[in-house]
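What follows is a pair of complexes built around subunit A, which joins subunit B in one and subunit C in the other.
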Partner chain A sequence: MKNHMFKKRIEKYKIQALSIFLFLFIWQLIAQYVINDPLLLPSIADIIRAFFKLSANIPIDIGVSLLHLSTGLLFALLVGIPLGALMGWYKNADRFFNPLIEMLRPIPPLAWIPFAIIWFGLSDYSAGFIIFIGALFPILTNTYTGFRNTSNLLVEAAKVLGCKKNKDLIRHVVLPSSFPYILSGIRISIGIGWMCVVAAEMFGLDNYGMDNVGVGNMLWQYYALHMMDRVALYMFILATIGIAIDRILKYIEARLLKWQSHTNIAQI
Partner chain B sequence: MAKPYQYSTNMIMYQLELKNISKTYKRNSKKLLVLDNINLNVKKSEFVCILGPSGCGKTTLLRIIMGLEQFSSGSINLDGKNIEEVESRLGMVFQEFSLFPWRTIFENVTFGLEMKGVKKQEQTKIAEKYLELVDLSDFKDHYPSELSGGMKQRVAVARALAVNPELLLMDEPFGALDAQTRNTLQTELIKLWGKTEKTVIFITHNIEEAIFLAQRIIILSKIPSRVERIIENKLPYPRDKLSGDFNEIKLDITRYFYKLTK
Partner chain C sequence: MENNKIYILFTAVVLIAVASGCTSSQPGDAKLTALTIGVQPSTHQVAEMIAMDKGWWKSDLSKYSIVKVEDKLFPSGPPEMQAMIGKELDFAYVGAAPAISAISKGLDAKIIAAVQTNGSGLVLSNELAQSYTKPEDLIGKKIATFPPGSIQDSVLKHWLKQNSIDPDKDLRIVAMGPGDAITAIEAGRIDGVFLPAPSPAKIELDEKGKIVELSGAMWPEHACCVIVASGDLIREHPDMVKEILRTHIKATNYIYSNTDDAKKICSEKIGLSEEVIQHSLDNWDGGWIVDPHSIADSVLSFAQVQYDLGYIETMPKQEDLFDMQFYDEIA
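Moving on to the complex of A and B:
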């Protein structure tokens, strides 16, 4: 039975691998024989060549971008979780903050770039700020939803067992019961934050004292030089890191939430 | 010389006294009377069932005793003292499954003890004792999602008893279970009651369940609920649902119920 399931999974991965391989193969064919212009469409071979040329720099680029991401994310969590909790627990806080959030939320993070530059200059903080804006709302609304969806029954069960103060109820019931929402909020926030990296690094930044680093930054620099194979390479890097972060977080989520009925690590 | 008001000393023999409890819900300026002047006295270690048709104020009454809901008039005394808010000397088992899903079975049972600030060692001792009592020691490290409905309610009973309440309130705790499990848990509950000598107030709309469990059955009417009838049930424990005496009482109450709900 187990063996059979294992085979089935291999079968599944075979199809997934085939999908990617076919895509790259057709891309190579089209780039090489149909378009035949590395500016319009660099071939896979060009991109691989670019990868080997730049491979020494890539880890630093990724590191710097992850630092930008962490800065923005840290502040998004520091603001989003407490604010979401406050709004979820107190109706009046919800009424007060809700209009402001509804007003700010539709503004795309990119629209904040001019103010980010005016406020923080061309610094790592302005990149962090753009990522902060992108990452703030998912974690905020998820925390809020988690608090709101806390089962009244569990709150009452806790009260009956002597957990009566707001502070204790939040700590022992509302927070743990919101935990799944908060975790997936963090995951979505990181995903969106990572998407904002390219925009956040669009302008030359301090980059922690190093010139010409950062995934988003290099993507723009190579665009300015019209080296589209390298632009495509950095796009691949963005995708790979994005997927890797998401997978790692999903794994952590499943480990932390093993008490949930349908969380099964094998399903990821 | 006994003064007239000293009759109250006489009443302290009751552990729980409900005096003229009424409850009115206000909705859209309309008033709905749910509980109408309920009087109820419960002695220590007594097993009382409150029996009433669905939709009468049974659960509301229990929630009022627990302090989870306000009442409009009347008073509640526990051991002769007035109580108004959630009272730690009372324990409750809910109709719906109310275990904390993020805590293991063991951690669910220790929840109330943690809140009381009981030492860890002591917590473990008490939790193990009550898990043993409901026969779930083997499952202590499992999460509630891995347990069947009947097991969940047994944990809920252990969790309520772990804080050693003087009175256990049970709101149709076996209502969501299948008949087989329900029978088993009824038998287990009677055994547990015998061992712990807790006072139990048990709510049900199941006549057979009430007769199987209770020493005294309080029948409530439809809304607005009044105490319609009180039946002393002197059948010896453990009771046999197939015995003639059992079914005589059952027939009597069923007939009465039929008239009541018609």
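Moving on to the complex of A and C:
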């Protein structure tokens, strides 16, 4: 049985690897034989060469960008979860905050850059703030939805069993029931936060005392110098880190929500 | 399995065919009836603004079947050159440094005329400006300028090195567009900016900083803006290129003979008051020129600086960057 499962998994990864390999192969062919201009489309070989040239700096760039992401995300969780819970539990809080949230939500994180500079200067907090704006709303709305969707049956049953205070109901019933929504919100927030890194590092930052680092920052610098192989390399890095974060979070989500697995629809 | 192979092959063929289709259409295939010009919101490039405002581009080029001329504004040179790489521009008013960077990387284009020399200023916050006497006073400070590969980035780093200051270690140079840089210094978030006119004048008039150095003093008579024409335009429409140069010369002469009107046109185009433009022109060291020969040495010096900074991998020759035959024929 185990052997069969292993074979099935290998088969799945083979198809996924083939898809990526084919994409890169076609890219290389088009770049080399059709476009034949590294300014318009650098080939995969150009990008690999750029990777070896810059390999010493790449881990530092990734580290700095992850620190920016962590700063923004931490504040998004600190604000988003309590506010979402408050709005989901108390109707008047929902009525009060909902218009403000609806007003702020459509503003793209990029539009906040001038205020980020004025409020936080060219500091890492500016980058964190842009990421915070991007990451806040998914976690907030998911927490809100989780609280609103908690079954009345569970709440009433808890009350009958003596759990009557709001604090206790939230802690023992609503929060565990909303947990899948909150986790999913965190995953979406991290994904969107990572996408905001390029915008957040667009302007010069302190970069934790280091010059010219950060995945987004370097991407903009190489763009200004028309080094398109390096731009493409940093795009690949963004994609790879984004996928890695998503996979890790999906794994954690699956482990933490094992109790819920019977409700999942099996993937074909 | 056989079906899978056919499917994969089919997908590859379709993708390659689509990509070929996207690139096979050359601008010269069809008759050129519209031109797009790149320009930046700066007093440096007022000649383009005059020719556009007066309708000279369209009227002078109508004999070559041009019916539409439009210009596109860019915040700095690097994105403007990126648009040229994407074949969005037929010719561009742009700093020589981003042109060098792009041409060295393979952009099919050449510098056909000079536009202006000098014209940038180092502005420090009021407090710092009071005590500033020499370049060493900038050590430990945070200065914003245009991105790497721009004229301002090259001039500033070259000047610092000339004064034995390491631009990477002794101070922080942060890359920003003009809007962000003005916002940052006016909010007191950086110590200074090094920007092209009229941005330094705007900061001074807002009483948020003082000009302490002009770029002409940092690098005497350095080249700044040039006209870069695409390879397609040069090869397929040489007569049109000559006409573009004639119009550029006419517009440059107009700046000197009708300065007040030039200021007004510039003010309307870039959205700053005439007072700012006036203050900028009263306090700048720039000059509008046309002859590409006069800036050739300076442009090659910029190329050397970019080569030394590692921005370009090979040192270009004059003929790689310039095509002066059009200017020589009409001058």
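Convention: the second predicted complex is superposed on the first by the 253 of 268 C-alpha atoms of A that agree within 3 Å, B and C clash if a C-alpha of one lies under 4 Å from a C-alpha of the other, contacts with A are read in each partner's own complex, and residues count from 1 in each chain.
By definition in this document, a residue touches a chain if its C-beta (ideal position, glycine included) is under 8 Å from a C-beta of that chain, and two chains touch if they have at least 3 such contacts.
Note that the structure is predicted; figures quoted are calculated from it, not measured.
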{"item": "Partner chain(s) touched by A:22 [first = subunit B, second = subunit C, both, neither]", "value": "second"}
{"item": "First, second, both or neither for A:56, with subunit B first and subunit C second", "value": "neither"}
{"item": "Touched partner set for A:220, first subunit B, second subunit C, both or neither", "value": "second"}
{"item": "Partner chain in contact with A:100 - subunit B first, subunit C second, else both or neither", "value": "neither"}
{"item": "Partner chain in contact with A:34 - subunit B first, subunit C second, else both or neither", "value": "second"}
{"item": "Contacts of A:10 with subunit B and subunit C, given as first, second, both or neither", "value": "neither"}
{"item": "First (subunit B), second (subunit C), both or neither touched by A:203", "value": "second"}
{"item": "Subunit A positions touched by subunit B in one structure and by subunit C in the second", "value": "none"}
{"item": "Interface residues, subunit C side, partner subunit A - complex", "value": "8, 11-12, 15-16, 19-20, 23, 78-79, 81-82, 85-86, 98, 101-102, 105-107, 142, 144, 147-150, 168, 172-176, 179-180, 183-184, 187, 189-190, 311"}
{"item": "Residues of subunit B defined as touching subunit A within the complex", "value": "66, 68, 86, 88, 90-92, 94, 96, 98-104, 111-112, 114-116, 143-145, 159-160, 163"}
{"item": "Subunit B contact footprint on subunit A (complex, rising order)", "value": "153-154, 156-164, 168, 172-173, 176-177, 179, 258-261"}
{"item": "Contact set on subunit A toward subunit C in their complex", "value": "22, 25-26, 29-30, 34-35, 37-40, 113-114, 117-118, 121-122, 203-205, 211, 220-221, 223-228"}
